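Below are two complexes that have subunit A in common, paired first with subunit B and then with subunit C.
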Partner chain A sequence: MQYLLQLLISGLAIGAIYGLIAMGFAVIYKSTGLVNFAQGEMTMITAYIAWTISTTVSGNVFVVAIGAVLAAVLLGLIIERVVMRPMLGEPVFATVMVTIGLAVILRSAINFIWDAYPHGLDIGMGRGIVHLGGIGVRTGQIGVIATLLALLAAIWAFFRYSKIGVAMRAVAADDRTALLMGISAIRVHALAWAASSVIAGIGGVFFALSYDLSPAMFQLGLKAFPATILGGLDAVLGSGLGGLLIGITENLAGGYIGSDMKEITGFAMIIVVLMIRPFGIFGERDIERV
Partner chain B sequence: MPTTIPTEMPLGVPQAAPAHDCLLEFRNIRVVYDNAIEAIRDVSIAVPEGGIVALLGSNGAGKSTLLKAMSGILYTEEGVIENGSIRFRGDDVHHLAPDELVRRGIVQVPEGRRVFAALTIDENLQMGGYTRTNAEARQRRDKVFALFPRLHERRDQIAGYMSGGEQQMLAIGRALMTDPVLLALDEPSLGLAPLIIDRIYEVIARLRDELKMTVLLVEQNAQRALDIADYGYILETGRVVLDGTAERLTANEDVQEFYLGISRAGRKSLRDVKHYKRRKRWLS
Partner chain C sequence: MRTGDYKQSYGELVALVDSPPVWLWSAVLVLALIVAPHLLNSYALSFLTIILITVTGALGLNVLTGYTGLISLGHVGFLVTGAYAYAILVSKYHMHPLIGFLGAGVVPAIASLIVGAPSLRLKGLYLAITTLAFSFIINSVILEMRWLTNGARGLQVQRPEMFGISFDSDAAFTYLCLGVAVLTLFATLNIRRSRVGRAFVAIRDNDTAARVMGINLHATKLVAFATCAFITGIAGALYGIYLSFVSVEGFPFLLSIEALAILIVGGLGSALGAVLGTILIVLLPEATRLVFSLLSSQMDAMLTTGAQELKSMLYGLVIILFLRFQPRGLVGAWHDIKRAWVHWPLRY
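What follows is the complex of A and B.
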């Protein structure tokens, strides 16, 4: 029982990180119709920048948090402006291929700008252990779960009530008609890239708090991708919940069947889900464009 | 030789500059898709303020292309205005971005309604008012609800579940939310029952008569359009082949033959029509 609870909680914690990155995928898909295969790499870059801030400027939590968010916004905006905007109106397939190219470039950038060694992100938080009913839980794990839940609520309200949130849904539904109504698709796309970069970046920073930074961190994107397929590529909230589901499942499989199972559980799950519900558990429509 | 050659055939030379009360004007527009397909060839159309101008023609004549050029969205289909200008209140606007055109008061209701299916009626209207402040948008919405009480009744419902006629009303209401000076409608009667079409056309007439709105009406349904229009243009294969006041067009034998389905000599067989079309000079 103790073991099961331990697995569940650590599954939830890693699942929340997947969920955050999966929401990053979904925000971009929902407003631009693209799958961003560089999501894991963008997450990694944001985490590295947070680490750089913590080691060079200040280890203060707020400085690092604000700096990381600003860096993530900038990263999203730059990628949208430099790489994605020129691709506007090109076939979806070509544009998705561009994100794959971008992924490789960002991955190598880590070795150019930083180095190939693992680093610990230490901001004096997140590594302490709290005992909950006899189970040791890291404060960082509690923090990431709470952050995911808070962001889920905030994003739900954003898409439901804010004018720009509704506009993002309108652009996703029919971008040409949105243009006819005077909605600037470019601005909506830029916002989506910035928001996606921030949401996923938060996941990356939490990952770095609990585990370590390394150039292999981009693989988080590969773990989060099944989560967003599972929840529905166009379902931002569903993707967040999909992350939790993947995290728990892979932890249980790793704990009870064998640690090798951890790597493949997520993908095994999406194969099953895609056979039953091709548009994901919470998805609204067929995702034939991918 | 055919005796019914239209007398108003434009010859491709620039027409005399229209009077300055002309709100929107296409001047010698040429539109090319993909650098290869010429969709519009040297078309000049004038839309005077406060009137309804009908743009008639069959599929592929270039009617929708003209509206897309007007709204600045040709680029989404690799279309380019290669020649000519589009003037709105005297300014050349053919290079402006779609949102700037909406702010200046040009809006179109796209073909096939294109409501945002997953959004509620309220949210659809909110998107129409995207370029306006929240206070302006609320005022506009009350006016739209007054015009279409049905939308008010169903305001929290998902737009995609409404009937075709209701969706058309929503599409018009959404366009009115932008506070337009010029409202262009792309085939508002498409796929609707005759009774619903009557309602839609009543509203269009009211927009002109009560709200003093200028309407550019694109239709295949020539009968309906000429009934309420003040002036009409007939497009075929990217050129204006005929234009005139609605009365003159309705009286024109060719228009009766090919667009209104009326024939002097009783019903004709399809072979006669084909023969007639072959002789028609403007189709060459």
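What follows is the complex of A and C.
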């Protein structure tokens, strides 16, 4: 029982990180219709920038948090402006391939800019242990679950009530009609890239807090894929919850079947989901009209 | 005056080549490749061998990505499956190398049916995601099945001996790769002009229209995927023999990206493109290193330590730049040059 609870809680914590990155995928898919294969790499870069701020400028929590968010916004905007905007109107195949190329470039850039050794992000919190009914939980783990829940609520409200959120949904639903209504698709795309970079970046920073930074961190992106597929590629909130489900399943499989299973549970789930409900639990079924 | 290249019958339209000189130049090229192993030093010969193996793999992916328009991010998964199938059949169970090559094709093809069946029912990018997943799952499977694959220790592979010919020397092995590459080239060119090949292209261009014409989308996509996996598996077996050692580490994920880069640089859907793209992509890291070493020895030192990173960055950059500025690839550039040559000084 103790073991099960322990697995569940650490599964929730890592699942929250997958959920954040999966929400990053979903935000871009929802507003631009493409799968951003560089999401994991963008997450990693934000985490590395946070680490650089903590070692060179100040280890203060607020400085690191604000710095990381600003860096993530900038990263998203730069990628959108320099790499993605020129591809506007090109076939989906070409734009998706561009994100794959971008992923490879960012991944090796990490090795050139920083180094290949693991680093711990130390901002004086997140590694302490709290005891909840006899189970030790890291404060960082509680923090990331709380952040995910708060962001889920905030994003739900944003898409439901704010004017920009409604505009983003309009572009996703029918970009031509949205253009006719006076919505700037370019601005919506830029906003989506920035938002996706920030949401996923928060996940990355939390990962660095609980575990370690290393150039292999881009694999977080691969592990968040199953979460987006499970929740629905076009469902931002669903992807967040999908992350929690994937995290728990992965941890249970790792704890009870074998540690090798942990690595591939998510991928195996993708295949199962695609067989049963390809548009995900919360996604919208694609209806094709000829 | 000749004003254009007009096809007047159906036979001309599906002919393998549209002008006799192409046969002549192809024969010259094959002759040159037959003579080359005796003239080149072993360093240059290793590049030639790698190019021939890579062409085989790239032609395999071309059937899937170029003809049918589906992205596979797990190309390396089929390479490694093929290499292991060959190594297990030939090194472990001492079967005839031909059976080994057959197995190297069939086993990945079966794997592709398992991966493809659920994901090819759907439109869009799902195949890219499932193949990506496959390439990670297959590594875990290989490491787990120690009784068959030796786990992380890998398998030794000898150069084969078939029909009394030993392919032990580097030159002989290059001939083997040349033979396989030429066969694959003819096979994919002929698939392209057959009924099923036209169905592939129809699916790529407009899948709704293809369906209306009576093409079974799911089955045809599966055929394309299995063909791709079959050819790729054989390329993987050759690569395993070339490395003389098959292990999971010998097949890094970067190979999947490399294969896609080759197709984009060469020109999607064109066999000539796959060949040109392979030559450029295989020689690009080497050429870059050469340029940098001429510039300064300090940069050279940095690049030898980060050779793998340099390679990935180059591939990524090449993919993005080609998609942005020359989406039809080297083949498109070549067609433009030919047209300019015929029509100059007129524009068309």
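Just so we're on the same page, the second predicted complex is superposed on the first by the 286 of 290 C-alpha atoms of A that agree within 3 Å, B and C clash if a C-alpha of one lies under 4 Å from a C-alpha of the other, contacts with A are read in each partner's own complex, and residues count from 1 in each chain.
One rule holds in what follows: a contact is a pair of C-beta atoms (placed from the backbone, for glycine too) under 8 Å apart; a residue touches a chain by one contact, two chains touch by 3 or more.
Everything numeric in this text was worked out from a predicted model, so none of it was measured.
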Quick one: on subunit A, after the overlay, do subunit B and subunit C clash, or do they fit? Just give me the call. fit
Figure out whether A:87 sits in contact with subunit B (first) or subunit C (second), or with both, or with neither. second
Of the partners subunit B and subunit C, which touch A:114 in the superposed model: first, second, both, neither? neither
Give one of first, second, both or neither to describe whether A:97 is in contact with subunit B, with subunit C, with both, or with none. second
Tell me which partner A:211 touches in the superposition: subunit B (first), subunit C (second), both or neither. neither
Could you look at A:105 and tell me whether it touches subunit B, subunit C, both or neither (first, second, both, neither)? second
With both complexes overlaid on chain A, does A:158 touch subunit B (first), subunit C (second), both or neither? neither
From the overlay on chain A, compute the angle at subunit A's CA centre subtended by subunit B and subunit C, rounding to the nearest 10 degrees. 80
Touched partner set for A:182, first subunit B, second subunit C, both or neither: first
Name the chain, either subunit B or subunit C, that contacts more residues of subunit A. C
Please give the least Cα distance, whole angstrom, that subunit B and subunit C reach in the superposed model. 13
Of all residues in subunit A, those that touch subunit C in their complex: 35, 37, 83, 86-87, 90, 92-94, 96-98, 100-105, 107-109, 111-112, 222, 225-226, 229, 260, 263-264, 266-268, 270-271, 274-275, 278, 286, 288, 290
Going by the contact rule set out above, which residues of subunit B touch subunit A in the complex? 71-73, 75-76, 78, 97-99, 101-103, 107-108, 110, 114, 116-119, 123, 126-128, 130-131, 134, 174-175, 178
Complex contact set, residues of subunit C against subunit A: 69, 71, 73, 115, 118-119, 121-126, 128-130, 132-134, 136-137, 140, 143-144, 208, 212, 254, 257, 260-261, 264, 306, 308-310, 312-313, 315-320, 323-324, 327
Interfacial residue positions of subunit A with respect to subunit B in the complex: 89, 163, 166-167, 169-170, 173-184, 284
